[in-house]
Structures are given as structure tokens and as C-alpha cells.
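Given below, in the form of C-alpha cells, are the structures.
You will see two complexes here that share chain A, one where it goes with chain B and one where it goes with chain C.
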Partner chain A sequence: MGFLEILFSAGTLSQILTGLSRTTILFIVSSGLSLILGVLRIPNIAHGSLYMIGAFTAYSVISFLGGGTFAFFAAMVAAPLVVAAIGFVMERGFFSYLYDREHLMLLLLTFSFALILGDLVKIFWGTEFRSVEPPAFIQGSAEILGLPVPYYNLFLLAVGPFIAVFLWLVVNRTKIGKISRAAAVDAEMVSAVGINVGWVFAFTFVLGCFLAGLGGALIAPMTSVSLGMDHSLIMEAFLIVIMGGLGNVWGALLGSLIFGLSQSLGIMVWPQFGIVFPYLAVVVVLSFRPRGLLRSVW
Partner chain B sequence: MKWKYAVPLVLLALLAALPQFLPRFHIYIIAIVLLTGLLATSLNLAIGFGGIYQFHHAVFYGVGAYGTALMLTRSGLPAPLCLVAGPIAAAALSLVMGIICVRLSKLYFGMLQISLGSLVWAIVYRWYSFTGGDNGIPGIPVPEWIASPEGAYYYILAVTAVCMYALHRIVRSPFGKALEGIRDNPVRSEAIGIHVRLHQLAALVIAGFFGGVAGSLFVVIDTSVFPDMMFWTYSLEVLVMCLLGGMYTFFGPLVGSSILVLLRTYVSVYIPYWHLFLGIVLTLLIIFLPDGVLGFAVRRFRPKEGRLA
Partner chain C sequence: MRRIVSVLAGIIVVCCVASFAFAGPTIKVGIVDTYTGPVTTYTYDVRDGFKMGVDQINAKGGVLGKKIEFVVRDDTFKSDVGLAMAKELILNENVDILMGTINSATALAISELCKKEKVPFLVTFSKSGKITGEKGHRYVFNLNENTDMIGRATATVFAKKPYIKYWIAGDDYEYGHAIADAIWSHLKTLNPKVQMIGQSWWKMRETDFNPYITQILAAKPDFVIVATGGGSMVNFQKAAQATGFNKRAPFYQHTGIELSTLMPQGQNAPEGVFGTANYLFYYPETKVNKSFAADFEKLYGRHPKSGALYGYMAAQFIANAYKKAGKIDKEKFIDSLEGMALDSPIGKLEVRKCDHQIVLPMFYGVTKKSPKYEFLVGGDLVSIAGKDYMPTCEEISKARAK
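On to the complex of A and B.
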């Protein structure tokens, strides 16, 4: 089969759709990470654990309510809120006292939280794999050019842009969003004009954690919910954020697109080494644009 | 002031005597402590003394181990050559990664480094026909003279001692001092004529080499390699060892890795949730003891000098 034939085949299209639905998840999680990095300057390794807790909470809510459309949407609201609450405790209880430490210390502190949260998930939910059914109205798959594409993937594709626009509105059109952007550039100056920077930081951190939880809840029906889902994701999210430009929401979107698509297309081109391609993409991007594709707030 | 060599020499003699009255399992654990200590000390050259955010150091440990393991299993070359090949491969990789990363600063450096390291990990993890993929390589034929547990132990003790001495000399040399200068004030160092990037690159290659030595030592004692050795979580664990012992002291990482390896071995027997335990210890450490156990001891008991020889 020639190169062009592969490029325009139905298989490629379905791979692109798979890649794009994964992009949505990556974007939601990494934009939260990016917000926290941009404003608070914390490289939050525990972000992946929060994502995992989001997925497990979604599982618990759905199985508690016995499945169905209502249970699904209840889980999509409850899981991010639970994760946001954990984030609030983390920020107010620990990070807010340690902002003057160097990045390395903060990184290790979030690593210790990742370890603690990972084991707490093991204590609460055990080590078995869990699976979540998507609600009835988005079960099954559509047929596109003769290949089945799960409706749930299409649902995610529709959700993605909403989140992007919502985030843009929060960051650019609300007062707290504007203050948080100012705090990202110069926190001292912001506090000098009489704004309580501590609460701006808390708000940003909680919003970032909310997004981690939402990403986890949304991915629950797509994969098996299990321990260890945090490890691969947090690395991917970090690389996306670095590739896109620290603290830039659109950068996170662009980075997620590159990452998700290079992953799904890479698997098609060279199944054995498909997982290598996203890392390769990051190396290429950073070799040419060391500070990320879009302008970083740092 | 020759007496400052007394403590390391007594310790060395003690360690050399251990196999006479300790069971095999403990000998194995102490060998792991030693090589992990070397790994953490090599990382500390870059991160503690150089101030370079080497986030994915375990990749050099892994490449050193895989290099040695592959040479021993697949090439017919004499064993000493194979044992050196791993560290040289690690140093070469460190040079390549260093050239790509070194123009970036701090967090960006760390992230590009972690990305390149993950690339290496992904290749090792998937290349079943060459590296054994996620199974790793079990049952590596170690040469006879270090095949017995005692032989392996003495080999590891000797190599670790020599490498620690070499690293100590490097840290105390004008090169080491220049590196510390760069860590504390890169702009000023540049102004007085130090080639910042070149010094950092050299530090990275040296750190990568000794990380690779630690990897090849692991092959000798464990006779197996697996990709988890170079997964990024392990890199952070090594970083924790440096922090635990004290990053601005030479022997801190050795102390930190001893504490961590021994805790893991003996505590995880009683507590099933080792990560929870480690996380709590680490959190308390960061809040109350940010310059590590040894750093704290130095500050507490030797307020004048401030730094351990």
C-alpha cells in the first residue's frame, strides 16, 4: 500500500478520531496542570493522582446510583468536586506555607503527595480493575466509512471545545481570572494593590484540580479504571504543558493535539514503537522552540 | 589533617569485614545500598553541586545496566570489557542528552531531560527482540570471579569506594568549585571567565558515567535487568535520597540512600503501604528538615564550617 493510500484510508480517519478523543482528555488534564504551573509555579506531580481519584470517584458514584444517564452526569459533577476539595486541602494545608521554597522542594513535596494519594486509592478501592459503562444514549458505535467509531469518543470530541471556551472565559473574562493572570506575572505587585494573593492561588489550584478530576471522570468509561493510570498520564501532561508553553491554556490545547495525534498515528505506522512518537515530537519541538510553542507566562 | 580520612577508612574496613558474619540476604541488601549510594552521589554532582535539574538520572543507571547486561549476554568479549562498556554507553548518552538540553535552564532543562529519558525508556520497554521488553533480561552470565555473593560484594565495595573517592576529588577540584560557583551565580561565573555550558556539560557526563557504573554493579549483584530501573518514578526516588541525606553535603546522598533502601527492605515487611509511609516521611522532611539529615547534623554540630569534608 502506498503512503498516500494509507494517509487517506478509513483506518487513518478512525485513528485520527481516536487520537482526538484522547486529545480531549489530555487537554482537560494538562490545562489544569498548566494553570497551576503558570500561576503558582508548582510542578504538581500529584495532578496525575488527582486524575486517578477522579476516575475512581466517578466509578463509585455511578455504581452507587446504579448506572444510567442521571448517574453518569451526577458522577461527572461529583468526581471533579471531590477532587477539587482534596486540592483545596492540599493548597491551604501545605503548599500555601511553602511558596517561598525553590521549585525542586515543591516538586518533591508534590511527589510525596502523589505517593500518599496513590496508596490511599489502593486502600479505598483496592487493586482490582474497574470498568464503567457509558450511559445508554452514547453506547455502541457509529459507522464512519465502514469502520466503527464509539459514540463515546464522539461525545468527548463535542465536550472538548466547550471546556476550552469555558476556560478561556474564566481566565480572560472574569475578574478572578484576570487577577490570577496578573499574579502569574508578578504576584508581589498584585498583593501590593491590596488583593489577597493567597486566595487567588487557592482558587487557581482548586480550578486546576477540578479539571484533573473532570479528566479522570471523563476517561473512566473509555478505559479500565486501575492503579497506575496516574503514572503514564502525569508524564504526558507535563510534556504537553512544556511543549505548549508553561501556563498557556491554548498551548496546552496545541500540545495535546500534537501528543494525541502523534500517539495514535504512530501506533498505526509502527505498532511496536508507537509509544515512542509523542516523546520524539516533544524532543523535536523543544529543540527548535526551547520555551514551548506558544508564549509562556514565565 | 590526615584524620579526616579516618571515618571513611574505618567504615570501609567494617564493610569489608561484614560478609564474615552476616547471612547472604543482608550482604545482598548492603551491596544494593552501596551501589544506590553511588547512584545518588553521582546525581548529586549534577543537582546538588551543579544546580542542574537532572530529573531523569535513572536513565543512565538503566543504560549502564543494560549496556553491561547486553554485552555479557550477546558479545563474546572478555568480561572486564563488558563491565566497562555499560558506564561508557551511559556517559555517551549523557553527552548526547546534555548537548540537547544544556542550553535550557532549570525546569525547562528538567522537562526536556525527562522527555528524552522517557524516550529511551520507551524504546527499551518495547524492543522485545533486543532488550527483552518489559520482561528485561534475567539470568545474566556474570564472570566466575564475581559470581559468588561474596565475590560480587567485594567487587561492588571496591568499585564503589574507588568511584566515591574519584567523585570526592572531582567535587574538591577547581572544576568542582567552578561548578558550585555556577550554581550560586551563573551570570557572575560567566563574567569571570568560566565557560558555564561547558562546565555543566562536563558535570552531566561525569554524573552519567558514575550512574552507569552503579547500573553495571547492579547487574553483578542481581544478574538481571528490567525497564523499571529507568522509569521516571525511580529517578524521583533517587532525588529523594539526595534530599533526605542533604544535597549540599558530599556524603549526604549516601546517607539518604542507605536510609531509604534499608527502610524499604525492613519496613515494607511490616507495613504493606510503603509509598504512604515514604510520602509522609518525605512531607515531614521537606517541611521540617529541608537540608537533609546530614545537612542538619552538620549545621547543628559544626556551625563554623557549614559543610562536611
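On to the complex of A and C.
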């Protein structure tokens, strides 16, 4: 098959749709990581573990409520809140004491949290793989030009823009959002005008963790909820954040789009080596724009 | 000064007691395996099955008047860590036997060490065919199936089916490629008409299979061989269920009918998936299998999976080999383990003399709903006898001579 033939084949549309639904999860998780990186300057390695806890909590809520549409939406709200609460304890209880120390300390602390949270998941939920189903109205798949696209992927596609608009509103239209943007540029100046920077940091960290939890809850019906699901994601999320520009939420969106689409379209062109395409995209982007696509706040 | 003396005295007493304990009348087994991360769903079963076997043996007075005790080390899935732990167990703990691991690279590294140190090493979950194949030697035994055996067993099943156009997909790591290569090379020999129309390889722990599934369906293969392991087993089946993949293109997975894959999905696992497994707690429906499964469930509150059988049988083989040897001696142990055949929950298992590979049956079936359980089970089960899918001893010696 020629390249053009592949490009205009029936598979292209469904590949774009599934690629975009992948983008949604990547964006939700990496925007949280980027927020924390931008404002608090913490490369939060435990972000993946928080995502994993989000998925396990969603599993528990859905099984506790016995499945169904209500249980699903309850889990989508409860899981991010639980993770946000864990984030609050992490920030107030540990990170807040280390802001004047060098960044290496913070990095080590996030690493230890990744290990501790991973073990806590093992203690709480055990070692079996877990699985939850999407609610009945988004089970199965739609047929687009003869190829299946799962309704759940289409649901994610619809959720993505809402999250993006919500984040835009929080960051650009609320007072705390504006303060956190200012703190990202110059935390000292913000505290000099009498604002308690500590609470700005706490708010941002909790919001970032909320997003990690939401990403985990949303991926739960698509995959097996299991130990180790944090590892592959944290790598991808960091690459996206670096590609998009450190600390820039819109950069995270752009990075997620490139990552998600290059994967799904790459698989179509060359299925045997489909996995290299997103990483190739990262290399290309960073060769031309070493500081990322959009302005980095660092 | 007095305090220092009393502390020193204390240390000396503790050391004496400890050394007496070590020199005590026990057989010591060291286990190196991965107890962190997703593979624990398999390794915990090996450890718990082994403990169940050991406890039963010790309750009956042990072997040759000695109790079996075991120490466990977590290699966190890293080969260098595992190798260091194996060394520590040999040098400091003076273990009589080493056991483990789920990581084939670690198993091969420890196997080399055991060859040098002359310590028997029983492999309990690594699937690399190299362990008892080209890299095999006197001190290593494999007590579970390997990729070469899986390939041969699967090829014998599919060579009889009418499928011609195959697509191969899998996890892009050694286990995935080894399974796919083994199936494909044997399938081509048995049925020269088959063609491979394409391949896709995804990263380990891929969460979104839809882009791959769309691509495979667009190529319209007759049959798809899916070489996945670990968490990808469930992930792929979930994606197959959501897209109706199994209804458009029939596919096969080793362990596709196993409990570790089907139980998490409850009633929502895809039906009609072809799979093989080496242990199912509900099949064969014999008294000994039922009582083994019931004992395990009573102790640990869950159904046993294949790892539980391997761990349990490792304990039986250790006890019987020492009994036959008549003394605690590493070389005698190996001599008596060679060619030993024991009854197990799934029938007679034999440790083949020529390559130290266990000969065990393989169960082939198709996923289907069950009125008895809350999850899907393997249906239309067929047992493939171990001798029918083993490489011959000549093939092994040829591979080792290379």
C-alpha cells in the first residue's frame, strides 16, 4: 500500500479518534504534573502513584456501589477527591517543610513517596489484577467506516474539552489561579505583597493531585487496574511536559496531542514498530525547540 | 566498662545461639523472586504454594528427620539485585537449594552462578526456553513450562485448524517475542501453508489497544496470535471485549483461559478466546486436584493459580529427592531428582533426566461463561500430554553443543 492510500484508508478516522481519546488521559495527568512543576518546582515522581491510587479507588467505589451508571460517576468524583486529600497531606505534612532546601531534596522525597504509595496500594488492594466495567450506556463500540471505536473512547473524547476549559477557568479566571501563576514566576514577590504563598502552593499541589486521580479513575474501565500501572505513565507524562514546555498547561495539551496522535497514526503506518513514533516525535520537537513548544515558566 | 562487658557478653550469647540455630537440623531453601509490582499476582502463589507443601511435610516430621525451612528475598524484578541476593543466600545463609524467579534474565544469571558454586537451582516461574535448553547444565532444573514448550503445544493445536492468514501481535519484550517465535516456527513446520500477513508489537503494560486492534482488523487476518504476559493479558481482553475484536478475528493467548486473566474481568471477559494454561483449579475434576484447591483456598482465601502448583510441587520434589538420596548432599540430591516422577494435582509430573525440564500436561480451551463461577472459565478443555510437546533430548543436546 502506498503512503497516501494508507492516509485516506478507512482506518485513519478511527485511528485519529482513538488517538484523541488517549490524548485526553495523557492531558489530564500531564497537566497536573505540569502545574505542580510550574508553581512548586517539584518534579513529582509520585504523580504516577497518585494516578494508580485514583484507579484503585475508582475500582473500590464502583465495586462497593455494585456497578452501574451512578456508581461510575460517583467513582469519577470520589477517586480524584481521595487522591487530592492524600496530596494535601503530602504537601502540608512533608513538602512544605522543604521548600527552602535544594530541589534535589524534593526530588528524593517524591521518589520515596512513589515507593511508599506503591507499597500501600499493595497492602490495601493486594496483588491481583482488578478490572471495572464502563457503565452500560458506554459499553461496546460504534462502527465507523466498518471499524470499531469503543463508546468509552468517544466518552473520553467528550470529557477532554471540559477538563481543558475547567483548567483554563481555574488558572485564568479565579483569583487563586492568577496568584498561582504569579507565584510560578516569582514566589518571593508574591509573598512580599502579603499573600500566603504556602497556601497557594498547597492549592496547586492538591489540584495537580486531583487531576492525577481523575486520570486514574478515567482509565480504570479501559485497562486492568494493577500494580505497576504508574511506571509507564509517569515516563510519558514527563516527556509530554518537557515537550510542551515545563510548567505550561497548554504545552501539556499540545504535547499530549502530539504524543497520542503520533502513536495511533504511527501504528497504522508501521504496526511492527508503532511504539517508537511518540518517542521519535519527542526527539524531533526537542531538536528544534530544546526548551519545549510553548514558553516554559522555568 | 561494666556496661560494655555486659553488651559484649550479650552479643556473644546471641551469636552462639544464632550459629547453633543455623547449624541446626534443617534443610535450608533460599528463594529469590519478585515481590514488588504487578508480577506479584504470580509470585505470591509460588511462595504460598511452596509454604503449604513445606508445612505439610514438616508436620509429618520433615525429611530424614530434618525440617525444611526457607528464606525469601525480593529482587524487585532486577537481575543484578537478584544475582547479588542469590550470592548472599549461598555464602551467608548456606542454603542447600536455591529457588525462583519470575524474571528469565535473573534466572539465567543465577543459573550461571549455581553452576559455578555447585548449588542446585529450581526455576519456578521463568519461561525462557534457554534455561533448560542451550544454557542448561547439571545444577539447574525448570519446574514450569517454557516458551519453547508453549510454542510446540500451541502449534500442534493450530496446525489442524483451517486458518491460513495469521497476524502476530504481542508485548515488545523477550517473553512476547520468544512465545511468538516458538509458535510461528513450529506452526510453519507442521503446516507449511500458513502465512504471516503482519505483526504489531506494543510496549509492556500498554493501556490502550484500540489503535492496534483497528489496524489488525483492517488487514482481515484469519487468526491472531497474541503474545502477551502479565497485566497485558487482562488489558488486551478488555479491549477485545469493548471492540468486539474476538467476534471479528479469533485470537489465542497463552494463559488466556487462566484464572489470573479471567477472574479480574468477572462476567465481562470476552467469550471464545483460545487459550492454553498449565493449571486450572477446576480441571481436571479429580479428587486430588479438588482437595489441593480446597486446601489452598482454606489457607489463603483464594483459588490457586499455576504458580501455586509449581511452588507446591517444588516442595514435594525437594522432599522426595532427599528421601531417595538418603542424606543431605547437593550432588546426591541432583542425582535422585533426575528422572523423578511424582503424582501431582494434575497427574504425574516428571523431571526429565536429559535436560532437567519438568514434563507436564498443557490444557487447551476456549473462554466461556460458567454457571458455577462469577468469572469466565476455560471451556471445551483438552489436555495435551507433556511428552507430545517436549523438545527431544537430541534437540536439547544439539542446542547445548552450539
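One rule holds for everything that comes next: the second predicted complex is superposed on the first by the 298 of 298 C-alpha atoms of A that agree within 3 Å, B and C clash if a C-alpha of one lies under 4 Å from a C-alpha of the other, contacts with A are read in each partner's own complex, and residues count from 1 in each chain.
Here, a residue touches a chain if its C-beta (ideal position, glycine included) is under 8 Å from a C-beta of that chain, and two chains touch if they have at least 3 such contacts.
Keep in mind that this is a model prediction, so the values were computed, not measured.
Peer 1: Scan A:Leu120 for contacts with chain B and chain C and give back first, second, both or neither.
Peer 2: Once the two structures are laid over each other on A, A:Leu120 reaches chain B alone.
Peer 1: Pick one for A:Ile275: touches chain B only (first), chain C only (second), both, or neither.
Peer 2: A:Ile275 contacts both chain B and chain C.
Peer 1: Please indicate which partner A:Gly140 is in contact with in the superposed arrangement: first for chain B, second for chain C, both, or neither.
Peer 2: Second partner only, chain C.
Peer 1: Just chain B (first), just chain C (second), both, or neither: which does A:His231 touch?
Peer 2: A:His231 sits against chain B and chain C alike.
Peer 1: Please indicate which partner A:Pro290 is in contact with in the superposed arrangement: first for chain B, second for chain C, both, or neither.
Peer 2: first
Peer 1: Once the structures are superposed on A, label A:Ser14 by its partner contacts, choosing first (chain B), second (chain C), both or neither.
Peer 2: Second partner only.
Peer 1: Would you check which partner chain A:Val149 touches, where first means chain B only, second means chain C only, and both and neither mean what they say?
Peer 2: A:Val149 contacts chain C only, not chain B.
Peer 1: With both complexes overlaid on chain A, does A:His103 touch chain B (first), chain C (second), both or neither?
Peer 2: Only chain B is touched by A:His103; chain C is not.
Peer 1: After lining up the shared chain so the two structures overlap, which partner does A:Ile267 touch, if you call chain B first and chain C second: first, second, both or neither?
Peer 2: After superposition on chain A, A:Ile267 lies in contact with chain C alone.
Peer 1: Give me the intersection of chain A's contacts with chain B and its contacts with chain C, in residue numbers.
Peer 2: 118-119, 122, 231, 272-273, 275
Peer 1: Considering only the defined contacts, which chain B positions touch chain A in the complex?
Peer 2: 47, 53, 100, 103-104, 106-108, 111-112, 114-116, 118-119, 122-123, 125-128, 231-233, 236, 239-240, 243, 273-276, 278-280, 282-283, 286-287, 290
Peer 1: Enumerate the contact residues on chain A facing chain B in the complex.
Peer 2: 43, 45, 94, 97-98, 101, 103-105, 108-109, 111-116, 118-120, 122-123, 231, 235, 238-239, 242, 246, 272-273, 275-276, 279-280, 282-283, 286-287, 290-291
Peer 1: Spell out the residues on chain C that touch chain A in their complex, using ranges where they run on.
Peer 2: Those residues of chain C that touch chain A are 36-38, 40-41, 44, 172, 198-208, 210-218, 231, 233-235, 238-239, 242-245, 248, 260, 263-266, 268, 302.
Peer 1: Under the stated contact criterion, what part of chain A meets chain C in this complex?
Peer 2: 9-11, 14-15, 18-19, 21-22, 118-119, 122, 127-131, 133-134, 139-141, 147-150, 152-153, 219, 222-224, 226-229, 231-233, 263-264, 267-268, 271-275
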